[in-house]
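Listed below are the structures to be examined.
Next, two complexes with subunit A in common: one pairs it with subunit B, the other with subunit C.
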Partner chain A sequence: MEIVTSQLANGVVVGTTIALTALGLTLIFGIMHIVNLAHGEFYALGAYFTWVAYSLLNKFWVSAAIGIVATAIIGAALLMIFYDKLKGAGPLRWALLTLGFGYVLRELMQLVFGTDFKLVAPPLEGTIPWAGGVYRIAVTVAGLLLILALALFLKKSRYGVLIRAIANNRDAAALVGVSTKTIYTWVALISAGLAGAAGAFMLPVTSAYPTMGLEIMIMAFVVVVVGGMGNIQGALIASLLAGLAQSLLTLIVEPTVATIIVLVAFMLVLVVRREGLQKLW
Partner chain B sequence: MVNALSKSWSLAISAVFLSVLPLVLPDYYLYLATELLIWALFALSLDLLLGYTGLPSFGHAIFFGIPAYAVGIILTAGYPLIVALLVAVVAASLTGLILGYLATRTGGIGYIIVTLLASFAVFLIAFSWTNLTGGENGLYISRAGTLAALSTQAAYAIVAVSTALIFLGARWLVRSNYGLLLVGIKTNETRAQAMGYNTQLYKFQITIVSAMIAGVAGVLYALLARSLSAELVGPELSTEAVIWVLLGGTQTLLGPMLGAALFILIKQALNTIRAYPIFLGLLFIVVVVWAPSGLLKLPKGLWKSFRRRNTR
Partner chain C sequence: MLKVQNLCAGYGPVQVLWDINLAVPARKVVCVVGRNGVGKSTLLNTIAGLADRRSGALCLSGESITQLSTAQRARSGIGYVPQQREICPDLTVEENLLVPIYALGLEPAKLSAVYGRFARLKERRYQVAGSLSGGERKLLAFARVMLCSPKIFLIDEPTEGLMPSAVVEISGLIARCREEGAAVLLVEQNLQVIEAVADRIHLMNSGRIELTLDKFDEAQIVKYLGV
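Take a look at the complex of A and B:
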């Protein structure tokens, strides 16, 4: 029985990670209409930057903060560098451009860090019976707090209002003097930062390796589509569902088969309900 | 340039070029040319979806790889070629039906993501179902009864004739009223619907046509290369094919075919460099940012600006 509950707890950790990554994805999609195929590499960057900072400073939470900020800056720089050139370009060109970024980033990380696993010991020791390591619980709480903070930021702050205004009607927002490019830069920073946070938090759990970004990105895309593109609440619930389903399935089948089952199940949801799950809640 | 290319004299040049190749090229290069023709055929099938109908499929490798695997699995099980080909046709139509249905369920960006995820799912299945596909080790088809058992020239001839015939068929299709309707769906689907056309039905049909052509390419590849790996259904090949089409210029049929050949040649040249995915990624970025309408249209643009300067 304990193995089931600890797998459940693990599912919540995985689900939170997917949620953080997916929220960045859905944010940039909902506001800038970009399918960011390099998003998974931002997650990997977050983990690697944190690892580098940790090996210099030996303080985990400070290193994680450095990793998140560095990822946010590099991610936003990549997304905004060709922004003017690609103005008015459809989703296809953006998808291919970010795919190109993804190739370059993944290979660079492999060249710089090698293919081995970069380990970091969890900053919090100890386990809680039936639930697993203390660190995992702390990370889940931290992740959920970040998501809450994002929701509050979007709802209450001045920038949040501007972001929602642009998402709602870009031309009208520009007409009343909102600088779309500034807002887009902020959105890109937040989006890449969320992926970086997920990567930094998962570093002590999964360690860092070059293909980690690809794996999380597939799940993130699945939950973004199923949760309703651009829908934050939907993405959150779908993430937790996907994380739990995947963790529980690994009790019965191999991890790859678990991924296949989750992928196919979520695609069947799309076939049955075109708008995903969003109107169910 | 594009108009000129679609004129009949360019067809004649292409035909002469294709028939001279086996006379002048040594065996190794002729084999390479045969492979390039197969990839060109694959690119053509994607252009029908992406270029003409505006369906940005990021999972097109599924249509290529599944029939290829079907042929490989049936041949390896010891059945004759004709059975393998029949199974491949069934497999191609089934995948076309399923993804065609998906195409009618999702639009635009959703279509990009869903097809990409589908390609990834099929890749994972091909990779982990070791008993059927050989998994990580790949699937090897024995030589007898495949194109490899023929002379290089004969294999080239079979591939070249199939490619040429399918190209002519596709050219006829896109120039017919049906082809005009496809472009109409791409440019303004709402208007096409308002005029009374069932656009979902047409999207569904063209997906199946495209799947069949990609399937022919996949089967030819299986019979020529005789070694299949999960990459043939995966997202990497799927997305690369989109770049081939873009590189050659969408909605031109011949452009994507040249784009495929050019890209594969560049890739083979870079393959020896250790970090070649970096160059691949940079190539993606360059094409998307600076040559979004294809290299074929680049000379046209240059010629226009040249003429403008001279008449001034």
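Take a look at the complex of A and C:
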């Protein structure tokens, strides 16, 4: 029984990580209409930046904060440099551009850090009976707190209201003085920062390696589509479902097979319901 | 106040406006009248920065606004109430009003002033704006723009599809904007409203201003409206 509960706890950790990455993806699509195929690489950058900072400072949580901020700045800069040039371009052009970004970033990471796994010991030791490692629980709590903070920011803060106004009716917002460029910069920072946070938190769990971004990207993309493109609540629920299903399936099949089963199940959902599951929530 | 000089504009490859010249002085209501599809809304969209200008110049209070973005034009004093998609329907009434307050860094007390002026919006402050009636949506759109204290109001067919009581209310609002010192460029097809508020009337056809009237002439206007 304990193995099932500990896998459930693990599923929530995986689901939270997918959710953090997927929320950034859905946020940038819902507001800026950008299909960001480089988003997974921001997850990898978060892990690598945290590893570099940890190598210098030997303090994990400070290093994670540095990793998140650095990823947010670099990710947002990459998108905003091309924003003016591609103003009014459709999602396909953005998808092609960000596909190129992703490839370049992945190759650069491989060039700079090599292909070996970069390990960092978990900052919190020990396990809790029925629930698994303390660090994994701390990561889940931190991830869920970040998601809650994002929801509160969007609902209550000054910039949150402006972001929702732009997402809902860009012209009506601009007509009362809302600068789309400022708001898009905020959205790009938050989006890349969320992926960076997921990468930083998972560094002691999975370590950092060049293809880690590609792996989470596939799952994040599928949950975003299933949850409803641009739908934050949908992405969150689909992520947790994916994480739990993947972890529980590893009790009976190999992890790779578990991932394949989850992806196939989500694809079948899209075949049956083209709009995903968004109308269910 | 607003000067439009030799303006040509359109959407993508399609040119809609040809060589438009007009001026809207302070404390005046200038009406643009014409059949559907002659380019009236495109004219207002171009002044607000929502349509593609091909050539020509736009000046507000002597300053060029030709190269400014839509948001920068709003900050410079252009207040546009479009015919459709004029509010953020998924936000509440209050959030719609907070958008200009937050964007322009206005005093939050301005919200109370708006509620004092538009009691119906205060009653519905927590309601999602998309669920408002047509007249209430127009009032909300006006209130949002009024918060920006514009020098000129661009108003696109504000009375279309509204009940007679709402038409009277909107006409009163337009007259009040003029009394408070703003200029108004109004696209309208309702003859009673035009007669009540217009100081000058431009008659448009096929993307051009063909005739300008300095007083209400029903026969000419009806000819251009095609009714």
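By our rule, the second predicted complex is superposed on the first by the 281 of 281 C-alpha atoms of A that agree within 3 Å, B and C clash if a C-alpha of one lies under 4 Å from a C-alpha of the other, contacts with A are read in each partner's own complex, and residues count from 1 in each chain.
Simple rule for what comes next: contacts are C-beta pairs under 8 Å (C-beta built on N, C-alpha and C of every residue); 3 or more make two chains touch, one makes a residue touch a chain.
It should be emphasised that the depicted structure is a prediction, and the values quoted were computed from it without experimental measurement.
**Student:** With the two complexes superposed on chain A, say which partner A:Lys118 touches: subunit B (first), subunit C (second), both, or neither.
**Tutor:** In the superposition, A:Lys118 touches no partner, neither subunit B nor subunit C.
**Student:** Quick check on the superposed pair: does A:Leu86 touch subunit B, subunit C, both, or neither? Answer first, second, both or neither.
**Tutor:** In the superposition, A:Leu86 touches subunit B alone.
**Student:** I'd like to know which partner A:Phe101 touches here: subunit B for first, subunit C for second, both or neither.
**Tutor:** first
**Student:** Determine, for the superposed model, which of the two partners subunit B and subunit C contacts more residues of subunit A.
**Tutor:** Touching more residues of subunit A than the other partner does is B.
**Student:** If you stack the two complexes on chain A, which partner ends up touching A:Arg158: first (subunit B), second (subunit C), both, or neither?
**Tutor:** second
**Student:** Once the structures are superposed on A, label A:Gly177 by its partner contacts, choosing first (subunit B), second (subunit C), both or neither.
**Tutor:** Second partner only, subunit C.
**Student:** Touching subunit B in the complex: which residues of subunit A?
**Tutor:** Interface residues on subunit A, with respect to subunit B: 29, 33, 35, 82, 85-86, 89, 91-93, 95-97, 99-108, 111, 218, 221-222, 224-225, 229, 254, 256-257, 259-260, 263-264, 267, 270-271, 274.
**Student:** Which of the residues in subunit A come into contact with subunit C in the complex?
**Tutor:** Those residues of subunit A that touch subunit C are 158-159, 161-162, 164-165, 168-169, 171-180.
**Student:** Inside the complex, what are the residues of subunit B that reach subunit A?
**Tutor:** 50, 56, 58, 101-102, 105-106, 108-110, 112-114, 116-118, 120-121, 124-125, 127-128, 239, 242-243, 246, 275, 277-278, 280-285, 287-289, 292
**Student:** Quick check: in the complex, which residue numbers of subunit C touch subunit A?
**Tutor:** 48-50, 69-72, 74-75, 79-80, 82, 85-91, 95-96, 98-100, 102-104, 144-145, 147-148
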